[in-house]
């Protein structure tokens, strides 16, 4: 079994050959999950105490090795460990636009690493928190803003509410995933993908040009989307930026003419693909991995389109707040989000793309460098107002 | 305040003798009214930042007209339907021999404890595309159901979860109605229905309008339901602006909303008519009930249908979430008992404060001794009609601007949060207190005065005990709405202070519905208890 | 033969009368297991004003509500002009009975003007007729000037006039008045009694009123029906029931009543105030010779004169000043207490010996000792 993993695991997706990059995932998933108990227990001896405590005896997080969401045995990640970063102390107010379900464990881990460090987290939507920080002005309690998307970060930077990061921090992430003036930085990424049912389609059967989808009549009634979902609207926004409004409208209408099935969120789209209700859909990459984590044998895989809106790569990120009196501490905290531990967390717990060199995405996802990502200002993708209007005018919403 | 009366010297006497109807009350009520209108200041300041050109652009946008029309359609439909639903239900449960009358009295008020966003969510889950109902019907060849989205769904959900406002006020009014008026009409050759139309209805109209006002303003200010039901109304556009970081534009839109609110308040004033209403004189209220005859069971079926639709759908969906359980992914969402304590604690605080600060306004308005009374009472409604997210942001602004370090360090976080709730829900406390004050004869405190009590002493020893049920009822209503309030809570709560409703939000926002079930059910349970308080304060035996 | 039977005989006779508007036969009503009205028979004739008189809780208001159709009887039958409207399985709704009612609190619709209140029951008439009728009625009750006023802008007397006009407007075959004057000031009450009687007579309506005020009952009624504990005690003209009460209850309820104990003898009745001739006593037959009876005396039937102790037969115990007159309570030698009414200028000192003498110029009523009601072949009504 292990051999299967490594045999297939060495093969990565490459845009030139549209092979099924998650082809062995089902098998690997079974192994991963079935092995989760054994290797997890084995890991107890070597890697620490495992689940349930925030840190292991050797200081490694519990998600090292093969965490519950991992699809394979993973080596200790590269990058910079928290151990090699400056210490954190005192209290830090973090406004988090990412939910507690997603990042609560990570923040808890960082907190537990330092005896006299406390993170006080305020959870709300990113837009709400960004509005709040600007409204609070000089008296904002926020020291760090942690956002689910680049748009809210870009807005705060434009308002002058963020502080530039130190070089020691921003240099950890490639320049395309941070602000040009380093006033915010990406901490993890997500790719737009086309999940497809492997019983119905082969990898080559999925169009590689997002704009060509409406031409494929064979998908009529077999394609799904979640138009109310903000990630989907961000994707349509990217299409407008890249292709213009007219072509975007045409595309939306074309997909509607295929009798597209509508779902309330993209997790459901992916579930429907896995169930064979539909053959393919539009969704962020991690939903497919979430489905596979629960149902390792599900006949589902993902495809990427080429350098178009369908391949947009967005980031979640963070920024120190200018009004904070704890600038250094805030910077150090953001740096911790870029540590090997945190990046591995994003890889195996939230199935996102790590952005730091040396930490690989989970499940043999192709590395970011191999994705054909369109060139687009990420912070523009969160202004969904006009997109929503346009979608409504076309009867999509 | 007690000290004021006790320590008054001889020199104070002339002034303090005019105390009860006089200037102190006006000042107190005025302070409260100004306080709850404070958030408007931010809305005005931020709104004006948009500038003339921006404002003009907004007002002339084609979309603006359509959302105004949509908002009015929604408010009109929800209010109208609520009245059509609530008045017969109130009548059936107060004046007829409806089967299971006691059960229905309680059950029909209960939809108010369901937060409308949970209701909307449940209805979409149940009746939406790919919903539970369609899943269930699919084997029978039902491929599509009529769409629940849009005006229809928004109206349905908002009506089902707000009509109890009308139901409760109408019930109270029907119970205190002088039934000899109806009998007089009957002996004057009016059938039951004619008598209801020409006598009962005009008498209970102020109560209906008071309840309708709460419904209308709720429908105007609710964001969750139209958002889930995808219907373009003011709040949704405000939210879109807000999410696009156009908070000034959101404020400007809110300002328009405030203007609409003022228009509705003025309309209510007219529709409510002059208060030529027989107040309860303690007699003439016969216990005889209308015999429904062969309509008895159809009436019970009607009540049962409303109850089932409003309660069984959300409970069913929550139950489904509960049974399906948690997927184990969401570590930070585990239920903790302290959420219940936090929710109840903050809601109790808000209820107490609202009941206390609402008193001067209610008193001034009920006694009609000052024309300020009306103005202040109307003013208390404005905060109720502005979307919570705007109120929340306004208080964030005021807190940060004038609270300085106190705000920054979180010292005033709880007071600010409670204040936010009071701004949103004060009219509920004022309305209930005012109604009970109207039932207290002014002669009673006067009698106490002649027996040597100070104005405040007379108020405390005579008026207050008599209006206590109304106060408790109003406070319970504030408690209940605070329990389910989300936007202000999210914006103003201190970090780490999680409540049932923020937990529900956390879980549903991240798609972990299993984790939303337990806090939702506890929220409903605790709110249901407070609803029992409201009904028992109405004098109904709900044991 | 019992008095109850006498009343029944009376109604039985009248039920044949074509002039009978209302008949109650064997009416029975209970609320929550408690009997409020027991086997009540009553009939009301065309054009008369009959008053149900009794203390509160005697069932008189319930009787009124039964007649109006606001309550349903548990037994017996109610007939309006011979047609059953309640009982025997039928029940006619209030709006179809053609019975008007003036409520105790007037029950004026607070959201309607005087004029609109009066027009309320005329909704079936064409507008012109409505207006004419309203004008006539406002004229009848003398309220033309206040037609635009709302009830809360009217005085008590004006409110009552509106209530009366409103209930008369649809020309009911029977008008019911529930304690119509209890909500008015004393002065106004007396004035309105006259006024209401005038209006009712002018309108020619048959009416049943209900009151606990015996003065009111006697001053406005053609006939009075005294009720007690759900039973009808006596029906008759005001003079009849006052002068010849058939029960001690009726005697006491209709006015201050004292009872002189006496023994019937061949030539007269021996009482603490001396012997009274037989012909001064109403309908006393020789069957009662030797029996102990109580003679009913009203305060104006007796006088007390201060006398030396040797000539006295009693002592003044109490004095109540009533303005025009003074009521003295005198304890007689045998322990009987009688009330004596004197002019306000006739002072009789307290605790002093007096001689009480009978000054009545009419026949006295009497009751066998220990018996609540009298059995006597009385002549029905004076008509």
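In this document, chain identifiers A, B and C correspond to the written order of the chains, with residue numbering beginning at 1 in each.
In this text, contacts are C-beta pairs under 8 Å (C-beta built on N, C-alpha and C of every residue); 3 or more make two chains touch, one makes a residue touch a chain.
The structure presented is a predicted model; accordingly, all values stated were derived computationally and were not measured.
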item: Arrangement of touching chains [line / ring / star / complete / other]; value: line
item: Relative to subunit C, chain with the most remote C-alpha centre; value: A
item: Subunit A and subunit B: spacing of chain centres that average the CA atoms, whole Å; value: 40
item: Geometric centre distance via CA averages, subunit C-subunit A, whole Å; value: 94
item: Distance from subunit C to subunit B - Cα centre to Cα centre, in angstrom; value: 54
item: Sites on subunit B at which at least two other chains make contact; value: none
item: List of subunit B residues in touch with subunit C within their complex; value: 178, 180-181, 183-192, 194-195, 198-199, 202-203, 273, 276-278, 281, 283-284, 286, 288
item: Subunit A-facing residues of subunit B, complex; value: 63, 124, 128-130, 230, 232, 240-247, 327-333, 389, 393, 396-397, 400-401, 403-405, 407-410, 490-491, 493, 495-496, 502, 506-507, 509-512, 515
item: Complex interface listing, subunit A residues touching subunit B; value: 68-69, 93, 99-105, 108, 120-125, 127-128, 130-132, 134-141, 152, 155, 228, 262-265, 267-268, 290, 293-294, 382-385, 388-389, 392, 397
item: Footprint of subunit B on subunit C - complex, ascending; value: 68-71, 93-101, 103-105, 107, 109-111, 120-121, 123-124, 150, 152, 166-167, 169-170, 172, 176
